[in-house]
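Listed after this line are the structures, all set down as structure tokens.
Paired with chain B in one complex and with chain C in the other, chain A is shared by the two complexes that follow.
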Partner chain A sequence: MKLAERKIGANIVLEVLESRLGADKAVAFKEAVGSYLNDGVVSVVLDLSKVNFIDSSGLGAILSIFKRMPKGSELILCGATDPVTSMFKLTRLDRVFTMKKTVDEAVSALSL
Partner chain B sequence: MKAMILAAGKGTRVRPMTHVLPKPMIPLVRKPVMEFLVEHLKANGITEIMVNTSHLAPVIEEYFRDGDRFGVQMAYSFEGDLVDGKIEGKAIGSAGGMKKIQDFSGFFDETFVVLCGDALIDVDFAEVLRFHRERNSIATLVLRDVPPEDVSKYGVVETDASGRIVQFQEKPSREEAVSSTINTGIYIFEPEVLEYIPSGVEFDIGSQLLPELVRSGQSIYGITQPFAWLDIGSVPDYWEATSLLLRGSVAGFTMPGEQIRPGVHCGINVQISWDKVHIEGPVYIGSSTSVGDGATIIGPTVIGSGCVIQPGATVRECILADYTRISSVAVLEQKLIFGSKCIEPSGKYLDIEESQIRWLMDDARNKEDLSEDEQLLLEEVKTLTVS
Partner chain C sequence: MSGAEAPWSRLNFEIESRLDAVPLLGQVAYLLCIAAGFAPVEGSQLEVCVVEAVNNSILHAYQGDPAHRVELEAQLLSGELIFDVWDSGTSADPAQMNADHRGALEVHSGQVKDIPHTGRGLAIIQEVMDSSEYTPGTERNRFRMIKRRDLCQLPNERPKRTRQLDHKK
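After this line comes the complex of A and B, so read on.
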């Protein structure tokens, strides 16, 4: 599970370097992002611009990260490609998550 | 007059639908495109129809059979092989298909029409025939004017004042095009043209037969008619065609089923509380379909038969194949659900199996319980999105 990280104060931008977020990567993904939360990261910008396939497991992994975010912190998604956006729109989750087009927009949206 | 419907194509630009159905059998608001065509030919007094088949041939042949259900006589010229018990199509081109039939039985012994099986048309064949006879033509093309920006999709034609064709251009750029009049692939031929087609080889009408006729000094003609032409050559075209039909923009088309109120039609055995569902037409709801309370259906939408729209689901501007189940948490906007694929108007699609979204949309006949993970995910999505 390859992630590129960029710290911004107490927050972090995590770029997913896998092109497929499927059943085989879901658990590793949850654990990888989870470890940053364990280390005291406050808010997370998840850059999904390299991901062109997501299935239910991938979606479930993002949901479980969302549930793990500490109170008062934010999870912002950015760079969603068509297949990813489709999944979120199909489930109405595009109204639950904050989704931005670019990393810069996402970072600006962080209120901390 | 006799006719030949060209139905041997692979329909690559309408994939993934054509993985399962040959293009002429794709339904436009419940009725296969080719059925509209057969009805139109019959209405124009054309009742002996040859059809060349190849890709997924049995689907066509088993639907139309000998044609008597449709008031015509139909027969097929299959182009392909039976390999290891499986039908494999091997098309030989539009003109090749004509020649094969002629070599077999001499079927084309009088003026005949040739047209593609994948477009809805209302060409006035009597008028075309009159024009054809007046000019003593051996080949007459039905032409149509299109917006100049669309010419690169078609074969462009230039005619002189008498309608004689003086130039062909295959898919020219807008700048190079000599006109914005295009060949619709609808022809009237005299049997003589078959002498110009070699036997046993792949041969195409537009790119080979017509230029050969011209090269041999024959005069061929084109008549421009402003007819309705709904072509389903690609997913976006199919979408547009369905939308136009539902909105009543195509003369002569009647919505199937019973009218519940203007713009809303449905079949029989439909389970629905009309006062508990939000529906904005034009919508067609198929027979034996169940629509749960609190569902929202916004047209133009076609819902197939045997579908299940669970309570609270939203279906907006969609085309759902038979036996589609849509889960309560789903919000479908501009989706074509067909053959376990969720297809966008652009033609891009998600594979329901591959994406594991059975909990969102599935075959309504699938009684298999969702896996534990799928159940959990469904519950989580419900919880998050209910507010």
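After this line comes the complex of A and C, so read on.
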């Protein structure tokens, strides 16, 4: 699972460098992002701008990460492409996650 | 929806029952949808449906064993696009497969811990497709998904429907 990281204080921006988040990548994705939480990262901005396909496994992986976030921390999604945004809306998960258009908007939205 | 007819009527594709082989089949399904005149975002949603059905065959019918085959058959008819996903693994319960799963898409943002992170595949298929049907067989199981081509609105833009499987006639 390819991720690019940029630390901002105790928070981190993770850019997903994969074009697809499907069942074949979901476990590796959860483990990769989860490793940052284990390292003491507080809040995460997940940049999905390079992802153009996501299925129920990919959505489930992001939801699983969200549930693992330490109390008081945040997970903000940004850069979702049209196909990805479409799946969040279809599954109503756009009501669960904070979704911003750009990384800068997402970082600004972090309250920590 | 464009008025152009795609130059094909029935195509068959086959992959090994490995999850890392599924994206190729998904991308083929997407291209067929575009060739059939669907808009890109709708094509992406239809691609997800095919991927979900193939994943089900690999993970449930074959329990993840990569030594089998999953077949995708696509038919373009005058008014509809049909995707059939075939496997020869363990049959699922057709009553469970053909039940209405769309309730799995209901979420309440205040209860995140209660939102399951699995179990949305069939719900997505039923939400996107006009109809779907699982038919177990003695030699092969078939999961059929039908999308009518005269419906060009995206599923989440359509009026709320009653909950029955074949609900867009």
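Rule of thumb we're sticking to: the second predicted complex is superposed on the first by the 112 of 112 C-alpha atoms of A that agree within 3 Å, B and C clash if a C-alpha of one lies under 4 Å from a C-alpha of the other, contacts with A are read in each partner's own complex, and residues count from 1 in each chain.
By definition in this document, a contact is a pair of C-beta atoms (placed from the backbone, for glycine too) under 8 Å apart; a residue touches a chain by one contact, two chains touch by 3 or more.
Small disclaimer: the values here were computed from a predicted structure and weren't measured.
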Would chain B and chain C fit next to each other on chain A once aligned, or clash? clash
The answer to whether chain B or chain C touches more of chain A is C
When the two structures are overlaid on chain A, which partner does A:R20 contact: first (chain B), second (chain C), both, or neither? second
Quick one: classify A:S108 as touching chain B (first), chain C (second), both or neither. neither
Once chain A of both complexes is superposed, is A:N38 in touch with chain B (first), chain C (second), both, or neither? neither
Counting only touches as set out at the top, which of chain B and chain C does A:L90 meet: first, second, both, neither? both
Under the stated touch criterion, which partner chain does A:A61 make contact with: chain B (first), chain C (second), both, or neither? second
Chain B stretch colliding with chain C in the overlay (listed: 19-27, 37-45 or 217-225) is 19-27
Going through chain A, the residues touched by chain B and also by chain C turn out to be 23, 53-57, 59-60, 63, 67, 82-83, 86-87, 89-93, 95-96
For the complex, give me every residue of chain C touching chain A. 19-20, 22-23, 26, 40-41, 44-45, 47-48, 51-52, 55, 59, 105-107, 109, 112-113, 115, 117-121, 123-124, 127-128, 154-156
What does chain B use to touch chain A in their complex? 329-333, 335, 342, 344, 348, 350, 354-357, 359-360, 373-374, 376-377, 380-381, 384-385
Touching residues on chain A, where the partner in the complex is chain B: 23, 53-57, 59-60, 63, 67, 82-83, 86-87, 89-93, 95-96
Please name which positions on chain A make contact with chain C in the complex. 20, 22-24, 52-57, 59-61, 63-64, 66-67, 82-83, 86-87, 89-93, 95-96
